[in-house]
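As written, the chains take the letters A, B, C and D, and residue 1 is the first residue of each chain.
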Amino acid sequence: MDWLIQFLPLNIERISVWIGVLCTAAIYSLLYRENPIYRFFEHMYIGLAAGYSLGPLFVDIIYRYWIEPIWGQGYWAWAFVVPYGMYLYFIFSERYGWISRIVIGTLIGASAGLFFQEFSSRYLPQLNSTLQKPLWVTSANPDVTGWDVFGNFLFIAILLSVLTYFTFSYEQRGGVKRVATLGRWFLMIGLGAIFGNTVMARMALLIGRIYYILSDWLMLPLGRGGG
Amino acid sequence: MQSPTIWQRMLSIDRRLLYLLLFVNIIVFLIAPIRMPASISPPVQKFYDEIEKLKPGDLVMISSNWSASTLAENQPQLEAVLIHLMRKKARFTFISIEAQSRDISYRLAERLTKTHGYEYGKDWAHFGFVPNLIVAIKGMVNDLPATIKEDVRGTPISQLEVVKGVKSLKDYKMIIDVTPSGTVPIWISYSPKGIPILYCPTSVMAAEAYTYLDSGQITGMITGAKGAQEYEQLLKIEGLGARFANAISFSHVLIIVFILLGNFAMFMNRAQARREA
Amino acid sequence: MTYQHAQDNWFAAIVIGFIALAVLVNILRAKTGAQLYIRRIPGLDAIDEAIGRSTELGRPVTMIPGLTTFGVVAVQALTIFKYITQQIAHFATPMRLLTGDATVFAVAQEAIADAYNEAGRPDLYDADNIRFLSDRQFAFASGVAGLIQRERVAASFMFGEFFAESLIFAETGNMVGAIQIAGTTSFTQVPFFVAACDYTIIGDEFYATSAYLSREPVLLGSLVGQDIAKLLFALTAVSGAIISTIVGVDSPIIKLLGQPGGWDAFFQWLQGGGQ
Amino acid sequence: MSIPYLIAQWQLPQQGRLLYATLVVLGAFVLILGLVPLLQTLPPRGRRVLIVTITFLAGLFFAAEFFLPVDWTAIFPKDDPTRNFLTPAIQPAQNVLQIIGALALGLGTFGLVRLHMRNVVQKRAQWGYSVVLLVAFVTMAIFSILNTLSEKGVVTKTPLLERGFSILFDYTLVQLDAAMFSLIAFYIFSAAYRAFRIRSVEASILMFTAVVVLIGVVPLGAYISYTLLGLPQGPPPENADWWTQFLHSAGLPSIANWILTALNAPAQRAIEFGVGIGGLAMAIRLWLSLERGVT
């Protein structure tokens, strides 16, 4: 009886647990088949998410980067930004639709211009670390062992064969074709490894959910570390 | 049209059956108290030994940065470590890097401390979350009260008995980082020298940490649910670690078994087709 | 260890300049009539097959750029979707484009309207078919999963950047028996697409896609330039490894090639007499 | 003294700022929107030229900021050596992009709401769910916006607001996130069952590595290797003979880790290179409007 009173959603803490379990059950019902309950929660979910975004991603940004600088600090030049950005809203008009492309062009130009820095930051350090792979044991690299050298050879070989697979502008024939096939096999090793490695993280999530149902909702005493 | 053979039926198995099996499999291994004696790995042993050195009243900073998505790995770690700290009568304060990990660690600590007679504010406290860990650590090294200002309950830090007289992070005896993300290099780089750092990563993050262990920049490490299981064995308690470790392991076993079954069915089906042809 | 400016290591500027040159020269060559070749990319041949099947079944085609934020990847994804839309416009096959980024949503409106115009069927364009569901990862995923199952889509195209939600799209699509073709630059999601989709476009096959589909000289020329750039990377990797074997991995010459601050270190080393 | 810097210095006077600012904003709206009829007179060719030019200039700004040398102290001794004359304008430019992004979100949200409003008004099939969506949207939008404004100190944070937001966000939205995320665990199982078959060389390789890593990364892999088989754990001691070294790396966790680092990393690196180069080529084509793509 005590258990039942504790179990029922009679206070705010229990209500929160019940809502959480209800949400979980509704989402999991998709596994059986698409159904009205899932559909209800799906629409609620999207509605909630859309409503939530307006706070931190719309009001907050406009307030922080537009309202504050103009009305708060008096930087009047910002006034032009929002009307300019609102050219985007012409998208729904057939006659004026092209005007939105001015803003889209700005965005495309900016993302292209920003890519140079991204390319340098993201890919060149990787290229550089590929250089630091001694291929045989020399006095210049005293810490390098035979095992390291083997690993480095493997690294360069896999890198080159996979890169070969990813060339497009000529017909891959003969030796090149064989190297490219090898590259694709190495690629499959990498993909298999990522698959295997990701499973645990996903299982951990599911276990977390099931633990929540068993422990928080059904209040089963699971290994509460008595010592 | 003849009825499908058992192999054909296995190949086109209703996936809902697979889903049910996985669900039940996890429930069973979470509930069933199966114990597999684990061999204690050296980093876990070092972790244990380091906490054993603590004296009653020593202050420990726990950086807890996990949330629901890595609960199965990080929660058993934190529970086992907290139990050990409370056995040693050490005092501790929490800090997180975002709101959800703050809430989850605060709730967990509240629950566990109650059963050990620890009192909030006197024996432990939660400092809430800091948006930028680097800035926060640098600030705490200089002037801890000015950086934190108030705890998670909104109490000014000057009124918390647990950090009475604490000026800086240097007054702490130990830092423990329970995390699924790359926060430990930040603690290593910015925390005061001479304070041991103990690390509780998820399994994915553990491989990268061995260099820090080698160089002594971190003193001990508990890896995922498996590490927590070893730790529970050292503490001689029945905690969540063993259950979560089992649930993780056997969900993988289930998948592997079905991959093998699928292949077996495929071969049998082919063999049968060949025989009939 | 990131680059704020090219000056952090001028090697960056040199590499980018070289690639830009290789790409632009070959685009010019292609424009002036050079015949350029592109190798077969198996997954892309299946696009027509997938469209054909959805026409037969009369069920919609979904195009999902996922949560790709607006940028280079998103524009490429939309270019592919534009091509697909032009194809389905001939058969009046219904389509849905589902995105998790509002800017991509805006640009997609224009691109898809254009595609119908160019195919000569502006009447088929319906703005309601291009949908922004949510910018919240799993709210978006729940919407896509629901829609795929409700409308029992016959073909699903997923191009862009994907995260953990990739498998939700691919498995629900597989459940309703859709032909699925995915292409992504996110390496970590490729295994799930490979497991659950009929065809997967991996890595920079994604960027080769529009060249393959349209055979436009500009794009084919660009591809030649990209291959030359890959050759440069391969040569740098091999020669760099050999140099680092001889002079040591911490040598200033190695730092010169791509480590921030390496350029200055190299010149200091030169001035110091190269010890 | 760069132009953006000067503009940033153009501040309205403290006195009557509210009034002036409102007037300036109104003026900006009139001016920019007044341009529309003017722009409309452009012939198609002119429109294209305008868009291409703006695209190029937007790209040029970020490209120039990145490529130009940063240290101008030889010419301007007092200048900061970690920036060039465009660097101070980067933050404002990013803010402009942020604002446009926020406006785009408004557009997207408007599109979503419009679609479901139409569903309701025209009583299309299943319009009841659209009502659910709209109700959830409006409720959450009110609480979320008020919550954001209360963080800014514009409105006061009442207990009702706090409780309501917490029920909608923490108790519902976050729970839905967690549930949807964990759904992947089921899908990963069915996908693995279906896909990992010894059908071709590629499929077999994929399956074999996946299975080895699957067992290697879980506690059971460690249990089998270190407890049942008694293999030594962790890195081998220094100056160990090769047999000891071998034993230290023969455990399933070590093998899984080796596959992930030694075999996966270079393949991933090669893909990254290809993607980087492909992206760079695309960026150049977009910047110079060489691509007949989406614009």
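As a working rule, a contact is a pair of C-beta atoms (placed from the backbone, for glycine too) under 8 Å apart; a residue touches a chain by one contact, two chains touch by 3 or more.
What you see is a predicted model, and the numbers here were worked out from it, not measured in a lab.
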* Given chain C and chain D, the chains that contact each of them -> A
* To do: Taking each chain's centre as the mean of its C-alpha atoms, give the chain farthest from chain C.
  => B
* **Innermost chain by mean C-alpha position** => A
* Measuring from the mean C-alpha position of chain A to the mean C-alpha position of chain B, what distance in angstrom results? -> 22
* State, to the nearest whole Å, the distance from the C-alpha centre of chain B to the C-alpha centre of chain D. => 27
* Structure fact -> chain A and chain D have mean C-alpha positions lying a whole-number Å distance apart equal to 7
* Just give me the whole-number Å value for how far the CA centre of chain A lies from that of chain C. => 16
* Which chain D residues sit where two or more other chains touch them? -> 66-67, 100-101, 104-107, 109, 112, 170, 173, 176, 178, 180-181, 183-186, 188, 190, 192, 194, 196, 206-207, 210-211, 214, 217-218, 260, 268, 271-274, 279-280, 283-284, 286, 294-295
* Two or more partner chains touched - positions in chain A -> 27, 30-31, 39, 41-42, 45-46, 48-50, 52-53, 57, 88, 91, 101, 104, 107-108, 111-112, 114-117, 119-120, 127, 130, 156, 159-160, 163, 166, 187, 190-192, 194-195, 197-200, 202-203, 205-206, 208
* **Per-residue overlap in chain C, given as positions that touch at least 2 other chains** => 3-4, 6, 16, 70, 72, 75, 103, 106-107, 110, 127, 133-136, 139, 142, 164, 187, 191-192, 194-195, 202-204, 208, 226, 230, 233
* Pairs of chains satisfying the touch condition -> A-B, A-C, A-D, B-D, C-D
* Structure fact -> In the complex, the residues of chain A that touch chain C are 27, 30, 33-34, 38-39, 41-42, 45-46, 48-50, 52-53, 57, 88, 91-92, 97, 100-101, 104, 107-108, 111-112, 114-117, 119-121, 124-125, 127-128, 130-136, 138, 140-141, 152, 156, 159-160, 163, 166-172, 187, 190-192, 194-195, 198, 202
* To do: Please give the residue numbers of chain C that touch chain A in the complex, ascending.
  => 1-4, 6, 8-9, 11-12, 15-16, 36-39, 41, 70-72, 75, 103, 106-107, 109-110, 113, 127, 133-136, 139-140, 142-143, 145-146, 149-150, 164, 172, 187-188, 190-192, 194-195, 202-205, 208, 211, 220, 223-224, 226-227, 230, 233-234, 236-238, 240-249, 251, 254-255, 257-260, 262
* Please give the residue numbers of chain A that touch chain D in the complex, ascending. => 12, 15-16, 19-20, 23-24, 26-28, 30-31, 39-63, 65-66, 70-71, 73-77, 79-91, 95-96, 98-99, 101-117, 119-120, 122-123, 126-127, 130, 147, 151, 154-156, 158-160, 162-163, 166, 183-200, 202-203, 205-206, 208-209
* Could you please specify the touching residues of chain C with respect to chain D in the complex? => 3-7, 13, 16, 19-20, 23-24, 27, 70, 72-73, 75-76, 78-79, 82, 101-103, 105-107, 110-111, 114, 127-128, 130-139, 141-142, 164-165, 167-168, 170-171, 174, 185, 187, 191-192, 194-196, 202-204, 206-208, 210, 216, 218-219, 222, 225-226, 229-230, 233
* Considering the complex alone, what residue numbers of chain A touch chain B? -> 31-32, 197, 199-201, 203-208, 210-212, 214, 220, 222-227
